[in-house]
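Two complexes come next, and they have one chain in common, chain A, joined by chain B in the first and chain C in the second.
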Partner chain A sequence: MTKIGYFPGCSLNGTAKEYDLSLQAIARIADIELVELDDWNCCGATAAHSLNSTLAVALPARNLAIAEKMGLDEILVPCAACFSRLAQARYEIKSDEKYRTKIPQLIEMEIKGTANPITVLDFLNKYALDKIKDKLYNKLNAKFACYYGCLLTRPEHLSTIERREDPLVMEKIIYLSGGMPIDWAFKVECCGAGLSVVRTDIVGKLCAKILDDAQSRGADAIIVACPMCHSNLDMRRNEINKNLSTDNEIPVVYITQIIGLALGIDPKKLGFDKHFVPTDKFLHKLQKQTVEV
Partner chain B sequence: METKSKIEPLAQPLKEKILNEINELVMKCYQCGKCAAGCPLSGEMDYTPNQILRLLQIGDPLCDDEVLRSMGIWLCLTCDTCHSRCPQEVDFPHIMDFLRSESIKRRKVHPKAKEIIAFHRSFLESIEKTGRLHEVGLIASYKLKTFNLLQDVDLAPKMFVKGKLEIFPHRIKGKEAIARIFEKAMKEAEND
Partner chain C sequence: MARIGVFVCHCGENISSTVDCAKVAEIASNYPGVVYSIDYKYMCSDPGQNLIKEAIQKHKLTGVVVAACSPRMHEPTFRKATAEAGLNPFLCEMANLREHCSWVHFREDSTTEKAAELVRVLVEKVKHNEELFPIKVPITKTALVIGGGIGGIQAALDIANSGHKVIMVEKNPSIGGKMAQLSETFPTLDCSQCILTPRMVEVAQHPNITLYTYAEIESVDGFIGNFKVTIRQKAKSVDHKACTGCGLCIEKCPIKKIPDEFNAGLGNRAAIYVPFPQAVPNKPVIDRNNCTYFLKGKCGLCKKVCPADAIHYEQEDELIKVDVGAIVAATGFDIKHSDFFPEYGYGKYADVIDGLQFERLASASGPTLGVLKRPSDGKEPESIVFIACAGSRDPAKGIPYCSKICCMYTAKHAMLFKHKNHHGKATVFYMDIRAGGKMYDEFVRRAIEEDDVNYIRGRVSRIYEKNGKLIVCGVDTLLNSRPVEIEADMVVLATAAIANSDSEELAQKLHISYDPYHFFSEAHPKLRPVETNTAGIMLAGACQAPKDIPDTVSQASGTAAKVVALFSQDELTREPLIAYVNNNTCVGCFLCQSVCPYLAIEKEEIRRRDGTLVKTVAKINPGLCQGCGTCVALCRSKSIDIHGYTNRQIYAEVSALFNRREYAGV
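Up next, the complex of A and B:
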């Protein structure tokens, strides 16, 4: 059995429970053990790097040090924002002498930077897909707009994605699941991220452009791999629709939930009932079409 | 301009501080404007990314002051679009982080940015106390700081029903270690 470190982050314990549920389900089928880091802490997110650059490295560094202590070489970080903070901390420690000496004193732990954070897309490509691709029985006969947002594709020194302005990693997974990925213009635009609470008006405007483009190109669902993108596009839908002439009802679904559906897992076990924007119509369409095929 | 009186004479230009402290050279920018074209928020900002860089390049205390008092530095989402498309590879989000902390240190924060900072502070306080983010605590603390008592009240019940909100925080075992990290990092920032 393959073992890999797992840093769920605060979102997957709360607002993004369906992401955790569906990811764990895939890991079980792929026979991969996700080893949760002992007593992990919050990565510090936007707040830390906006206010205190030392804290922005020290908080994620503690998690990296825990992974090293547990003998883990790789840590799956499903939240794109947490991934960015953990990967940046590792980058700073490896490239900057100042942090190499300062951080161990701050976190009171040794740290070499041997544990490598990876995104959910890397995890799927490197570990899971090979083991599950023969089990993708359900053909997902629908159109999908794959949305990457910022932190899976940028900054360049942290991103492992190819074609960063027009990535195709998720599209390939959708294609493998029998779905039809669409070509659209907003896949690497920003959703408004950390301004969700304080400037919901801005998030509404940015997300409206994203959803409007997906709708005009006939998408049945938007696929995401980040809890920040998900909560902005899903939970903020009322605010978003204020910027649109007609209400946009496209559901926003995690890539892991879609793979789960293709594997034939019950939508409830994948947390489809936890979205704010209803997914019934979308699920119904898939069912109807799988019967026809 | 009324800001004139608040400027310290012979202050070190920000561009020099930026070079010394975070090793970014603002003079590399040749004003192609690709950053502003790609920035999802240029339309909302008082100064767009390239304009902020231009003000910094001039190196005049008046221009530096204008940058530190701008709203644009607080709206930046750190989406990194500007940096990834910059032909001169100016790491503008890195510069923005520096400008934000400098703006706080010199007490030049734009009045409309106070809520954004209050949110960041509430967020960090939540981590400092428990080691992890506790949404209910974060929102309660943010509301108390800003008196936005009615904001997002419609979301909470729905989140709770869907099992997305925990009423009580989870305290990690290493919360004392986290509190010490905060203490040391804050002290260091003060001594800068």
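Up next, the complex of A and C:
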């Protein structure tokens, strides 16, 4: 059984519970053990790196150090913001002498940078797809707009994605899982993530463009792999619709939820009832056949 | 008894800022054999050289050590000064205090100490130097020009007009290069083909020029004055002597949908083709990768219709060996294509095109006969967005350099569009406008002020298609830094100028160096911009770095002048730093022959007066030997040595290093 470290971060314990549920379900079917880091802490996303550059490295570095101590080479970090912070911390420790000496003193742990954070896309592509390909019971008879947002594709030195300006890896995963990805224009545009709380008007404007383009190209759902993207596109729908002539009702779902559907898992167990934008119409569209997991 | 003079140079502050030069001179004066030592601010200057000359005569020096920079630049200077004072120039050596000491260390006592040691090593070496005399080798007064673009054409014509023979090799079926593809040229807007084609014809008709088109360089051996080059003449499948150029074969060829390289993929050509109407030579070749006869063994239509019986399917590639004295690389450049700009939809949207494609659309000889029609549906665009620096100056894309030509041709493109469509909307997104050149900035101002082209300073983040329009999303960094969105019918990307895909391979064949972007390297970025580090091989045009036409032509003429200067001598003087064999000890094992990379070792029979053979020994061909020393290392009987770097000299240097203590404290 493959063992991979698992860093859920705050989102997957709260607002993105459905991401956690669906990811764990896939891992079970793929026979991969996700080992949650002992006593993990906040990755510091958004707050730390705008206040204190050392703290911004120290917080995620502690999580990396824990993984090293547990003997884990790879850590699955499903939240794109967490991934960005962990990967950045590893990058800083490997490339900057200053951090290499200072961070271990601060966190009172040894750290070499041997544990490598990976995104959910890396995880699906590298580990899960092969193991679940024979278990895809449901045809996903719908059109999907794959949305990457910013943190999976930027900055350049952290991104593991090819063709960062027009990536295709999510499309490939969806296609191999039996879905129909569409070509659209806004897959790496900004959703306004960092302004989600303070400037909902800007979030509304930016997300409106994204949703409008997806709808005009006939998407049945938007696929995301980041809780920040999800909350903006899903939760801020009232604000978004103010910028549109007609209300946009496209559901926004996690890539793991879609693969869960293809595997025939009960939508409730995948957390489809936890979205703000109702998903029942979309679920109706897909043929249903459930298996027990 | 040796009488050595030591001359320590400050190199302004380059050496003296970390090395105490006066101290070095003082220490050196105590070395055995040194009779004179002095330091001076600029030893390479005239007064500095005079110091050396006067000391040689006054102190009757038998050897000179100049402690200064790397010998690469100034060894010839100091050896010349030595010779002028009546001493054999090869009795002068240089200790490299700059690159090997002052530039790489801080100012400390040990830095000065190291400098003094470097001097001592050379003092010991020069004691064993011998008088040497230059070697003379004949020159083949024929130049090879690789590439038939404007750079190659200019160089070839200049050399040929000076009375020397030129062989031109062009890999495409016609000469003309990129310039033949252009519509108009900046900053005068004169027609590119109109000024180019007369020169192409001149090349073809010049009695001193032999032209090989559809040919490539197979291999290059030899050295300056005596290169041996093998040219691969690719099979044209058409006998150009018999062919009258009537064009019947092209008309009848059933395969007509091959993307036309000359029209940058915007038009089609047949499998048997002439690249463009003004091609030189204006006779067709068969593209065997696309010809039905070569793919399936059937068809043969062109052969049937040819009235001159010029089609020869059985023709094979031919290897032609030529001897040349100098080589000019003028292989030009390429532009970045396709998948490089996914954010701009280049390769995905038919109406997002590159600069070269725009040239073809605007050209009277192009696929639309000069009417600007967009590729997707043939409509005439009302709004065009031009994006400068598409890939250039973008380290994230791997191209940190400026492509140099784009600012100007983008202004030209916008202007041409406005001249063809007065009510059209032309927008240019730019980073900076780099219009350095005679009448260049005036040209850009004209585009902005007279032709009403809208210049927006900012980058474009994305282009996507919506309702048949291309939406260009960018930012205006001057007007309140606002994001802007512009609806366009067509987008032209000034994609980065890059080296040809095969330039690395060619550089290796020529033994010349190239930069990380595969552009060929000049010998010195300022003072030797047309020569390479390999003697006898010069550069012209954009194979060295992105260049516009005036710069290319200037460099080509400069290169031609260098070639003609080389050909003005009947013999070439070479440094005598080559291997030599001691016939008495050579046992004739010829291990040296098998390792010599320059094939410079021959066999020599030693006979008595009556003709009986004593033994066969190795003999160095002084014309071919490059003095690399591989044979010296291999020789089992220690019979080979190198002039200027004999084993004795090297041992003297090494043992000097082991005896350092005696002088270190002085």
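The rule is short, and it goes like this: the second predicted complex is superposed on the first by the 287 of 293 C-alpha atoms of A that agree within 3 Å, B and C clash if a C-alpha of one lies under 4 Å from a C-alpha of the other, contacts with A are read in each partner's own complex, and residues count from 1 in each chain.
By our rule, a residue touches a chain if its C-beta (ideal position, glycine included) is under 8 Å from a C-beta of that chain, and two chains touch if they have at least 3 such contacts.
On a predicted model such as this, the values are computed, not experimentally measured, just so you know.
When the shared chain is aligned, chain B comes close enough to touch A:Arg199, but chain C does not.
Of the two partner chains, chain B is the only one that A:Asp39 touches; chain C does not reach it. Using the contact criterion defined above for the overlaid structures, shared-chain residue A:Glu156 touches chain B and also reaches chain C.
Judged by the touch definition given at the top, the superposed model places A:Ala185 against chain C, while chain B stays out of reach. Of the two partner chains, neither chain B nor chain C is touched by A:Pro104.
In the superposed model, A:Asp166 lies in contact with chain C only, and not with chain B. The partner of chain A that touches more of its residues, comparing chain B with chain C, is B.
Touching of chain A by both chain B and chain C, each in its own complex, is seen for residues 156, 189. Against chain C, in their complex, chain A makes its touches with residues 156, 163, 165-166, 185-186, 189, 213, 216.
If you check the complex, the residues on chain C that touch chain A are 339, 341-343, 396, 462, 464-466, 471. Residues 40-41, 44, 75, 77-81, 83-84, 91, 93, 97-98, 100-101, 104, 115-117, 119-121, 123-124, 127, 131-133, 135, 139, 142, 151-152, 154-155, 158-159, 162-166, 170, 172-174, 177-178, 180-182, 184-186, 188-189 of chain B touch chain A in their complex.
In the complex of the two chains, the chain A residues touching chain B come out as 10, 13-17, 39-42, 44-56, 58-59, 62, 105-108, 149-151, 153-156, 164, 188-190, 192-195, 197-200, 202, 206, 235, 238, 273-274, 276.
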